[in-house]
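Next come two complexes built around subunit A: one with subunit B, the other with subunit C.
After this line comes the complex of A and B, so read on.
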């Protein structure tokens, strides 16, 4: 188990990187505490796989350092780093039994037979594989194979970190729930540092205590799932996290108040804007938009465009002056059929300048 | 005018891939085949397309028996989860290829290619070759190619499964719109209940090589005919338990719950209940919400929603609610079951309704 620190990490696949876009990773600094559950979340091409390969030692970074427990491992081989990895497509020895598959990484390291047996049975019990230890891996379902793959990562007691690269992407939704829960439960039991790489916000937000959101080779925000949801640092985070993502609307600010389409909108941080130019936008999540009661005419007049039934709620798309405003309406609540007024929750409405959250003195809190 | 499967079956050797199945898909409809991997979705689509012949039964299309008519002789478009493109063609030519084969006028080809490219956000990549694209862009190229030709039947086999979450969300929104004004039948296969719900239209739930139910999507979701259908159409998984009804009371292990609207009028006896996670909440939502208690196994807070996994009567249930509701792992949580939204099944797992 280890604390992992990344210092000013940069990487380029180009020989002589010059332009900003030549960098797959642009100066990343991260501190991950020993025993934490972390996620790297971002769209494909954001640099998360590059980062994973740099941490595991498959790729030597162009610049910067990687420290495990304060020790510089930037030049250490993958074997020396002692990392367990679980991949999107499980790497399983089909001709071996489940038992031998789980035992493989331990036997490889010369662990004695009794200890191997103890660890294998312990891991099998945690993953509910104990009644199929004698089966051949070839006969297993996709989730069964991914369980073995997880089990192999967990079987070694000496690893510094376990890294998961999109481990549930090919798994059916029902089993995703089961495996994701299992993984979280296991982390609570064994407390090994775990890093989970994914483009799927649900997986990242439900698994990790801290999520690193990446875009274009940069960290856009690091925080707990709740922080990323309630106070997105950038409109990208607002959009990328949440389903649907945050509404982002053009706005102006006058006398410390934001206005959208000429209508005054209360926000947390309009008062912090210093009049220093830049593109101004309002961000409010669909969860924090609600219909004003019939007859009330405060708020923003909208036309109801459509409502999609998502089961537990409807995703309602409304429109004001050509701008889409999405909102969530719980199952069973009425939706106005044509025109209505919507309200934004003031304590969850934010002002952004050139994409970044406006911060500083003068914010409401 | 429709696509009709009349009592078709598909056997390969000793194995039955599709048990006797009948289904009618209407003209201009969007239909989702929903079921787990290996439930039979792909086999069923291959039969619909004419890529494969049923072992028994007939397939009719627009009033004509097309059983055994090969795919080449039918105007069908299909997109697979694993995308296929011509490696030597540009993205533009990949999308245009079926139209070139059909000898369409260049101007019309251009119009259609540009429209599909815009919808699938491929406009800046039209001059590139597939090898220069990301996996997601290659898949979008394959989807675009299927969309440009005015097929009578469009079969989409988990086409978004390999795409990024956010892109999937956008395309989910756009796809039905793309077909809205077209004269075709769309069939879309997915493992995800959420996807079926958002598409609306009709849904057929599949399980173990058979259709368990077919109907208007929202109605099927809220009124499944049996427990298998309810399970297939629930994400997170539906909570279930065996209970006993006695008078105005439901006994679930040591808990006594009021009967609620769903079961009013049912005879006393043993039942299986099914209740979706969003109808088990940290505070009572309706008057017929009854408290139960269980040990918290996991609490997942995404900001938007809280999911609490807890043990009740030897089983793990999930509660899903909007907002942030922290629960400590290992503690005993009190949660409220909305009895009005609880489904009742007999011991053969068919849903039963009280006379009200």
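After this line comes the complex of A and C, so read on.
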């Protein structure tokens, strides 16, 4: 088990990177505590798999350092780093039995037969594979095979970190949930540092204590699922996490107050804006938008465009001056038929400058 | 539901029936016809039953050719399959050299078979051939027109030169299709090169290897042109393989009955051995 630190890590697949877009990873600095569960979340092509391969040692970074427990491992091979990785598609050794598959990494390292046997049985019991140890691995279902690839990592007791590269892609939907809770349970039991790469927010948010949101080779925000939801650091995070994503509306700021379409809107951080230009936007999640009671005329006048039933709540799309505002309305609450006023919850309404959250002195909190 | 019956649909089957009739059924039936009759002159035929088959199966000459054939096929399989696999493993997987290697490998396969025979004939000529020059220079008493061992050596060398490429190309295609994740997982699991070969590459190549072995078996069992051009089946009968023997019987001696019986036996042997190979290898894999 290890604490993992990345220092100014950058990587390019181009020989002579010049333009900003040549970099698959742009100067990442991360500190991950020993025994934590982390998720790397981002759209396809954002560099998360590159980052994973750099950490596992399959790829040598163009610049920067990787430290395991303070020791520089930038030049170490995957084997020397003593890590485990579960790939998108199950990697198993077809001709071997389940038992031999689990024993393979131990035998390669010259562990003695009795210890191998003990570890294999322990891991098989943890993963509920104990009754198939004698079966040929090739005959298992996709989730069974994925358990084997995880098991090969778990079999080594001293593994520094276990990494998952979108491991549930090929698993049937009803088994995804089972395997995900199994992972979470395993993490609580063995407390090995785990890094989970995915583009699926549900997987990331349910698995990890800390989620790292990436976009375009950069870390946009690191935080707990609650932080990502309540205080998105970037409009990208607001958009990418949540269903539907955050409303992003153009705004101006005058005298420390934000205004959208000429109407004053209370927000947390408008007071922190230094008046230094940039594109200003207002962000508020659909969860924090509500209709004003009938008759009240404060808030933003809108026209109701459509409503979608999403189970316990409805997603209502409204419009003000050509800008769409989405909101969640709980089941049973009336939806005005044509025009209405909507209110933004002031403690959940944020101002962004060029996409980034405006921070500093003067914010309400 | 009403089913429309339309007999005109039979016309669609006609082209394939004609094709199969003319290229397989009719020639084969002609051979069957010859194999059970005795023929004199132009149009005199007498029923002879299974006599020709008995004769062929008892003939020492046939046994000798069959034995030579088996030895030859075993020898080239034992050389070409491991050699082809080794070359495929050594070939680069990416970069500018890939196409160079592939073209070089494909070259022998593009040369007409009789030209291959002629090339090696010239190469091995005792007086002016490059191969014999080199071997004489190394101190070997090499003369393939006189020494059976030298003839065998030349024939096998020619076949290896001509056909190893096929095994290489098949294996290479199989190797390239193995996803990178397997190699990465093996690296993480601490597997050495031998373990990677034994537990990843070889199992992933099993189908390709089965096909390669099957193709090489069938082709080598039917080898004719190259050997006829190179040695003509000699010296003596040293390199007279089954097909050469068959042609000698049918066209050289004009013994149509025995030749027909022999081709049927020959055909059944190939069919039976291919089936055996295939089932054995496939059963091994599904276990």
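One rule holds for everything that comes next: the second predicted complex is superposed on the first by the 359 of 365 C-alpha atoms of A that agree within 3 Å, B and C clash if a C-alpha of one lies under 4 Å from a C-alpha of the other, contacts with A are read in each partner's own complex, and residues count from 1 in each chain.
Everything that follows uses one rule, which is that a contact is a pair of C-beta atoms (placed from the backbone, for glycine too) under 8 Å apart; a residue touches a chain by one contact, two chains touch by 3 or more.
Bear in mind the structure is a predicted one, so any value in this text is a computation, not a measurement.
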| item | value |
| --- | --- |
| First (subunit B), second (subunit C), both or neither touched by A:288 | neither |
| Which superposed partner A:109 touches (first subunit B, second subunit C, both, neither) | second |
| First, second, both or neither for A:77, with subunit B first and subunit C second | second |
| Which superposed partner A:260 touches (first subunit B, second subunit C, both, neither) | neither |
| Partner chain in contact with A:149 - subunit B first, subunit C second, else both or neither | second |
| Partner chain in contact with A:58 - subunit B first, subunit C second, else both or neither | second |
| Partner chain in contact with A:243 - subunit B first, subunit C second, else both or neither | first |
| Chain touching more of subunit A, residue-wise (subunit B, subunit C) | B |
| Contacts of A:32 with subunit B and subunit C, given as first, second, both or neither | neither |
| Contact set on subunit A toward subunit B in their complex | 43-45, 142, 169, 172-174, 177-178, 181, 184-185, 188, 199-202, 205-206, 225-230, 239-245, 285, 287, 308-313, 315, 328, 330-331 |
| Subunit A contact footprint on subunit B (complex, rising order) | 36-37, 134-136, 162, 164-167, 169, 191-194, 197-198, 200, 217-218, 221, 231, 235-237, 276, 278, 297-298, 300-304, 307, 309, 318, 320, 322, 324, 329 |
| Contact footprint of subunit A on subunit C as seen in their complex | 179, 181-182, 184-185, 187-192, 195, 199-200, 203-204, 287 |
| Complex contacts: residues of subunit A adjacent to subunit C | 53, 56, 58, 77-79, 83-85, 87-89, 91, 93-96, 104-105, 108-109, 136, 149, 152-153 |
